[in-house]
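Look for subunit A in each of the two complexes below; its partner is subunit B in the first and subunit C in the second.
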Partner chain A sequence: MAAERRGDVAILSTDGYINNQGGEEIARQAYAQLETGARALVLNLEKTRIVNSIGISILIEVLEKVMDRKGQLAFCGLTPTIDKTFRIMGLAQYAAIYPTEAEAVQGVASA
Partner chain B sequence: MSLDAMGAREISLTIPVAPDMEIVATAQAAAVGEFIEMSRDKIDEVKLALVEACINAFEHAHARDDRLHLIFRVGRENARDFLEVEVLDRGRGFDQASIEQPSPEKTFSGRQKRGWGLQIMRSLMDSVAITSGEGGTRIVMRKYK
Partner chain C sequence: MTDAPPAASPRLSVLWKTLEEPLQGTDAPLPTRLARAAVSWTGARRGALYIRDKENWVCAGLAGADAESLEPPESSGAAAIAPREGISWVPLAAEGEIHGRLVLEGLSSEDAAELVPFLSVVLGGLLGAHRYSRQVKEADFEVRTRLVELESLYDFGLSLVGQLDLASLADEVLFRSISLTDAGKGTLVLFHEDGRLMLERSLGGQLLEAQEFASWRLPEGEAVINNAAASVPTAGARLTSCAKCLAVPISVSGRRLGVLAVADKESRVGGVLDFTPADARLLSLFANQAAAAIETARLHRAAIEQERIERELELAAAIQREILPRSLPEIAGVELAAESLPTRQVGGDYYDLFPLSRGRLGFLVADVSGKGIPAALLVSTVHAAVHLQIDEAKTITELFTRIDRHLRRYAATRKFLTLFFGLFEPDSGRLAYVSAGHNPALLVRRSGLVEALGSTGVPLGMFPGASWKEETTTLAPEDLLCVYTDGLTEAVNAQEEEFGLERLSAALGGGREKPVRELCDRVLADVAAFAREMPQYDDQTILLLRRT
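Our next item is the complex of A and B:
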């Protein structure tokens, strides 16, 4: 997993299966970014093809923490299956989903 | 692959109840999906449904043999090819009527973050049949090409 900071936007790029361990790693990185001043998070999942429901439940916890701080969270690079699953579980109601990282960064920066 | 009397071809796989074994199962699902030239996106849907079936069994079934028994079956019905995955555990079973339906509202109010497995399976597959009792649970999921 890779992390990059552009001003107050943190971009976390995942790689591979997101299960409980993968989700916890994302949460750890996300919370570290929030603690060091990030206002918005972009989760780029273009190198991930499976996110299981445990991983998604951890992503929801991250989203809730961002919402508590009045911040922004956006996803990008989702496969159609991940996109569908996020919509089933309601993430799409609370977080923006963009096709590309550039659009996601622009979206959270202007929000 | 063996050819059974119904003209379906199938592969059996047994995996231990252990972390990440669901990924071993998805590799087999992908191989069988590719065999019938199913699209990558549909294979992804089968893989995630299978992951959810496996982790549900890992967490809740308490299988007496500490194993999950899988059958990957390809066949043809009404001129449409399909991939069918059967997941069998020899665990304690569950009462489907007692399962609380998840919803985004419950999830985001903090009341129920987990419990989405069955809903995800049903949403991603064309059909899901579940039989469960004292002998264990059998889930048969089908996806048309």
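Our next item is the complex of A and C:
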């Protein structure tokens, strides 16, 4: 997984299966970014084709943590299946979903 | 931070100021914050908050140095409030249910008597609300997860419509199956009808060698759960790379198309969970949908292949139509008619005529072994050989030897053919012929007498070094020669009777005074009438020659 910082926006690009292990890695990197001053997180799932319910529960925990800090979380690069899954699971209620990383970064920066 | 409510009394004001930060903070889970607030407000040295997990009390929050060393509460709730050796047990209750227990150390008897009931109600209410909130969240998560499953099955069904790429289809099935069962890994394999491996897809590592899947004895139409896969074989196969597995066959009408297997169901707290009957039902649903889609894709590919073959056959038929003479030569003293009816688009029969010097006529009828494209290719080779060699050979037997050699050199497959070749001199009526294993040609004399011109050697291409004998006979005016292939005499009717040589002789004899073109059509019509609707499996060719 790759991490990039643009001002107070952190971009985490996932790679592979978001399950317990993959989700924990996302959480670890996300919390590290929050601890070092990131206000907004963009999760780019372009290279991820599969997510399970454990991975989603970890993403919800990350979202709650970001919301506790009055921050922003956005997703981009979702496959249609993952997009639909996130919407059903309620992630889209509190996190924005954008088609591209550029749109996501712009979205959280202007929020 | 919200504004503090107006203090009803100095003590409440102190309580609020003490509780505000621990309760509203987000730096630790609520049980920890409650333990800290209780210690801070009561002035206890340390405290530990336990919550119930099934039958056990589990420590969920600590406050103060070495708080983890505080002993857990007893299971009975009756003596909970009684202090013992400086230890106060505070039941945290709400709505008639004890949600947790707080163990505080260092309170005096008086403080404990005054503060514990208050803490019990306030912190019990907060902890109860927290627990209910978590339960609601978990229930909501569970409902949404089931909805994702249903939607996934629905979407998967839709995505299968028109999905003819087996690799994409396999990925879709595998990914959805692993995802929805929370498995850590999975494998999908598909087989050809003869059992050979067609395709293998894995995520997280292969569960078995692909060829081992082929012999895996999964019961037909049933999912197999093995939650001890590391030590117990799964339907006869030892899986070494997983702890628990769930496998289903992918079948259509009892025919095994492949296997779908997932393994090692994940847990949020680590470790591997057992697969459940609900997981098995879900995987079976995916396998059933996948089977239908895979079968559709397979049939589609078969249809494309069939279409390709038909196009090839049509092309071959067009080539063969070019090989057969478009028209018959006009030779003085000879009346000719010929017809060839292939049973497929392309056949293995061939006839040809060659006007030669001094008014002579060469003619042949051949029947190659096999049918379809291979037979048509051999016909093409024979056609080329005859046309190349006919001007070179001095005798008919030499022509046969040259054709035989040509076939051995150039024919792609070891096939053979029967061939009748005649060289007719209209002026004298002399007919020289060689028959390489061909059906006897029938010579119908003007009187109606029928003579058979039998084989004079073995079929071409059959034995190396073979030779053929040339025979001669003479046709008187109005005598009729019929050379044909066995598709004519071996045409069968519904009673499995063959048309036979006798019926052919009778048909020729009965119509021997008719023009040969008319007679040719009549013979073929007689054969068709005899066979009626019975499908015929061999080409039918007839060549008639009458000396006028």
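Everything below uses one rule, namely that the second predicted complex is superposed on the first by the 111 of 111 C-alpha atoms of A that agree within 3 Å, B and C clash if a C-alpha of one lies under 4 Å from a C-alpha of the other, contacts with A are read in each partner's own complex, and residues count from 1 in each chain.
Going forward, a contact is a pair of C-beta atoms (placed from the backbone, for glycine too) under 8 Å apart; a residue touches a chain by one contact, two chains touch by 3 or more.
Here the structure is a predicted model, which means the values were calculated and not measured.
Student: Determine, for the superposed arrangement built on subunit A, whether subunit B and subunit C clash or fit.
Tutor: With subunit A aligned, subunit B runs into subunit C, so clash.
Student: According to the stated criteria, A:54 is in contact with first (subunit B), second (subunit C), both, or neither; which is it?
Tutor: Both partners, subunit B and subunit C.
Student: Counting only touches as set out at the top, which of subunit B and subunit C does A:81 meet: first, second, both, neither?
Tutor: Touch partners of A:81: subunit B and subunit C.
Student: Of the partners subunit B and subunit C, which touch A:35 in the superposed model: first, second, both, neither?
Tutor: Once the two structures are laid over each other on A, A:35 reaches no partner at all.
Student: Of the two partner chains, subunit B (first) and subunit C (second), which one does A:17 touch, if any: first, second, both, or neither?
Tutor: In the superposition, A:17 contacts both subunit B and subunit C.
Student: Give one of first, second, both or neither to describe whether A:93 is in contact with subunit B, with subunit C, with both, or with none.
Tutor: The answer is first: A:93 touches subunit B but not subunit C.
Student: Please pick the stretch of subunit C from 39-47, 219-227 or 327-335 that overlaps subunit B when the two structures are superposed.
Tutor: For subunit C, the listed stretch overlapping subunit B after superposition is 219-227.
Student: Of the residues on subunit A, which ones does subunit B touch that subunit C also touches?
Tutor: The overlap between the subunit B and subunit C interfaces on subunit A comprises residues 17, 19, 49-54, 57, 60, 81, 84-85, 88-90.
Student: Can you list the residues on subunit B that touch subunit A in the complex?
Tutor: Subunit B residues touching subunit A: 20, 22-23, 26, 41, 44-45, 47-48, 51-52, 55, 102-105, 107-108, 110, 113-114, 116-117, 119-120, 123-124.
Student: Would you pull the subunit A residues touching subunit B in the complex into a rising list?
Tutor: The contact residues of subunit A facing subunit B are 17, 19, 49-54, 56-57, 60-61, 64, 79-81, 84-85, 88-90, 93-94.
Student: Write out the stretch or stretches of subunit A touching subunit C in their complex.
Tutor: Contacts found on subunit A: 17, 19-20, 49-54, 57-58, 60, 68-69, 81, 84-85, 88-90.
Student: Tell me, which parts of subunit C touch subunit A in their complex?
Tutor: 26, 140-141, 144-145, 147-148, 151-152, 155, 171, 175-176, 178-180, 182-184, 203-204, 266-268, 270
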